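Order as written gives the chain letters A, B, C, D, E and F; numbering starts at 1 within each chain.
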């Protein structure tokens, strides 16, 4: 039994509010338990220079935390004057995950920026960002389909992400902050609704892990992925 | 009659939600119509070097906007690597306004940072930040009074802020974005519940204004200030 | 009686030297007592992107201080690698003040930069910068009129700025450094020769002020503004 | 058959030169085929603030490329004034990998910096950096053991890293630049001589992958890891 | 005959105004013809870490230009966010020159910063900065001797600097801007009143020069150096 | 006799390896004794804006050191976020030296960047960079001549650089680190194979020097220059 009463392979409550902010093409508030992330999708005409004239689009993501999303206040990166390595690493991860499920030639020469701003952090902010960012992206595309700017939604597959880890000797799913800070192994899995892996990032800095543990972590991850995709579909009315 | 149906001396709907984010000592979501700002107050022990050993505290503020709080997406200041002049100007204004109503010797050698993060902007973000930042500050102090860390709440007066301006030839109160972008004169007033002025900043770059217009703008501002202070008291259960 | 023997509504000696530096289109050394500011106006063809093709011009200002313009040496902002909030705030204020009195369509697609470099600071550097910057701007335009590049001088009104404040319980005009650092209330007024207000910025962080005090401060400000405009006209041989 | 004649599960020639630069405590030139990385280990007394007084040490890494390590010249990050996300991501990965095999309490309050400077890049620069960085670290520790500063070598396990990927439909080991730039899936595995995984990072942005493919990639990775550890031991005369 | 009527080995008019700005310990306006530089010396207690406890002092210099000291306006380095290579090179040169003639143990643990701000540039700004900076330094020391803080003036020798060059086929002394921009060879010499060289920097990027030309340039430089030292002594009343 | 057994006018062993890195148009490892510098020449089509349409080319250089090229580790300039004054000064010196011997109109509208990365430093890194950079440049041009892109090699003269100094009372040639750090006078000379001087930079911050010493230093410098040019020719097979 985990400290918040969950079973080892159980997700926290997933809550997805669409149309959260009024200006973005797609806007979502996603909650994994006490973790809350605003995901906004902005679509503009045009692409970066390396894609001009190719007829294909581009998607990037930017991840950030409010200074007091955490127990103690963090100095703003705008005040420090630079992005931390962690911020850039997560932003790049979100971007890759979302690009992998979009047919860029259907999107055409448009650029989408997914902003993921964590307003309250309790573990799993990057996986909530990917999972919520996908819903913002999907609904932004729907808006363009409705307005006739896009012929069809360029999404090829649903994508979601979840964390798994080893705490004491147990494999557990969807770690909260307290669990995450004491886990020996920490892994994030990004996967599609067709059961294929987009990204896997596991690290056992505190203690290496065997292939058996790796396999069990992946099993649990897919349980979580399926739960999240279900919630995504429900939020989108599908 | 204004485009949203308000009278010239009428505020938009004011909504103040306390305890919005769970970690900060004080946390508020303030809404002036469609403008929404998260105001978090973080209190830490210790003061900047210039106050060490004086027995008095310090308060600063940091203002920021999510990239898509506005109609079109703004580049993050953390990505640009520096704060804009506008951001610093507003942050300094909020800090001065809140310091003016706190008895720093009652606060003792503690530092408070008020983070004002605009998640949706429709005009008046700086006045909403001051007005909501005050509530976050007040309730953070209450928490310290309850826990016995502070003998009494160091707040000396309530403080609120509001914008006034000249649109066509009318003086109007609490401008929304559409009004703000076409107004000839724009003024912000910060004042206390005792009817005294903390800060007045009026600019007629587009067209200079007479002393009569100045006086009418101040009259309207005090109508707004009183409305907001009423809402602050209600939100704090006073 | 004030520490330097002035009456409460008396300006310091105003001295304006034109053609101070030989390269700029307009160049002025302005002195408000011991405060000395070099104001240079540089005019170039072309405008920023947002004005291209509109047939109208643009004016910006940059304010700076020599490191030893003050009692103790300040670190250069070029060495720190960024502009302080104060520097940007003053630069923006000077720009707004000067733009407000220029007919941009007469100027045409030209950009003017007003550089205000304080070489000695004794209070009122921003008001001296605006007042001297105006003379630099005016004489730069005269040069273009003489050379036939401009049909007529695009200046619509004279503009000047002055500080007023509350020291002890007295309202005083044109504060020097010693007065400024102990004043309870500090206000800057920018106004035209037609008696209209361009900008008003008053702050009572140390102690709020009543509307009566506000009115008296504005009365005094207009005495100062009129003195400065007289000096500007004399310096320009008008 | 691959373009350079290797079998799918075959490493490129591994060459490790110890004592490459004369000043560092440990210095190695590692070559994976045409990829060449200088790995220098610098040991200094003292630790970052968060470890002071704990009796344990710290290891970090910094990865960089010479501007012309690649086909076309890259702008220096020192000239741009900031580290790219990629550079920070790889530096953090190398640091985690090396920390995972060191007993920090045997190291004591010392800090080791591992500098990995790529002088020629042909794919696999991060895996060569980890594998060569380990040898530099090991030999730096040996030097301190010899001088009596350390009682014993704090290394707990050997560690190495290798890339695997999917090209067309084949899983291949140790991708060179040409293979890497056309692979559909790219994965890096860091593992110990005891067959346990420290880090696994796989991404299928271009095309998701199944669990079967994941398993085959891990099989191949361990073939590579064992080859590299053999080369490490030989270079260290063990 | 040169364009301004001078002989090849003739200096421009040298003018040195002491006590130019009222706050610095030493303050000088130096003019070499139309080149005008404000040189301020600021003395503070304490030294950089590498000199603490040694009983010896330190001197550094910072060189800068007002944006419109030149024909066309230069962007401020504070706005660019970094110092150019040229600025740093000249600042370092001034610092070395002035340190070379001061007995640092007589100075004691004090730091002097010499700020050289060019308000009008017409060639030779670095040599004017060194020559004027020396006078500011000397008079700052005199002030400390008078106040009893220093037992004696720590200056060991007078130092001055001048430029020489090759224009067409003539060696010329003290180049103005027009000459400097067309000279084939450009050299700066820093030397003492005892006829010894502190620094020599000659560059023939446009066209290499022979040892004979080098010797003639040094001959001319000493003529200039002696002229300047005479002016320095007169300005200091020696 | 010097500490490493050399005579006062004797160079260290010069070793030049061509084709060191495989991608650059020209690549050299140059060694002056224990000083080792990788010099890479990258040629691209096009020139900076100020040369567009002139038919002439451009050459710049960038100098850098690996963090552990020295006895103790230096913080990377990419991590600090800016180039030191020393780095920029040396980079500019290398650029001027190499530009001086190239016929830019033969080069045409092409830009060459010479990267000089010091992997081991034992004094004389800037002179080795110039001397090795020249060989990289020469062989890059040869490659373009062979491929027919250039009609002939644009090199007009060979160029090399060497340091001389005064240690105790002796003039010595090609100082190693130990000598350099205790020398009273330090001078770098850049000269051509026709015996003309490109650049001379001598500094006697620790102790001024007479014209006699200057002359002897230049005599020794030419001995060194001739040795280096001989080694350059041999390395190029001339």
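Keep this in mind: a contact is a pair of C-beta atoms (placed from the backbone, for glycine too) under 8 Å apart; a residue touches a chain by one contact, two chains touch by 3 or more.
Note that this is a predicted model, so its numbers are computed, not measured.
**Q** Spell out the chains that contact subunit B while also contacting subunit E.
**A** C
**Q** Using the touch definition from the top, what's the fewest steps needed to get from subunit D to subunit F?
**A** The fewest steps needed to get from subunit D to subunit F is 1.
**Q** Pick out the pair in C-E, B-C or A-D whose interface repeats that of D-F, meaning over half of the contact pairs match by residue number.
**A** C-E
**Q** Between subunit A and subunit B, what distance separates the C-alpha centroids? Give it in angstrom.
**A** Roughly 33 Å separates the two chain centres.
**Q** Hey, how far is the Cα centre of subunit C from the one of subunit F, in Å?
**A** That gives a centre separation of 51 Å.
**Q** CA centre of subunit C versus CA centre of subunit D: separation in Å?
**A** 60
**Q** Name the residues of subunit E that each touch 2 or more other chains.
**A** 81-83
**Q** From the touch relation defined up front, give the order of chains around the ring, starting at subunit A and going on to subunit B.
**A** Traversing the ring with subunit A first and subunit B second gives A, B, C, E, F, D.
**Q** Enumerate the contact residues on subunit E facing subunit F in the complex.
**A** The touching residues are 82-85, 88-89, 91-92, 96, 99-100, 157, 187, 191-192, 194-206, 208-211, 214, 218.
**Q** Inside the complex, what are the residues of subunit E that reach subunit C?
**A** Subunit E residues touching subunit C: 21-24, 27, 34, 38, 40, 42, 44, 62, 64, 66-73, 76-83, 87, 113, 115, 117, 119-120.
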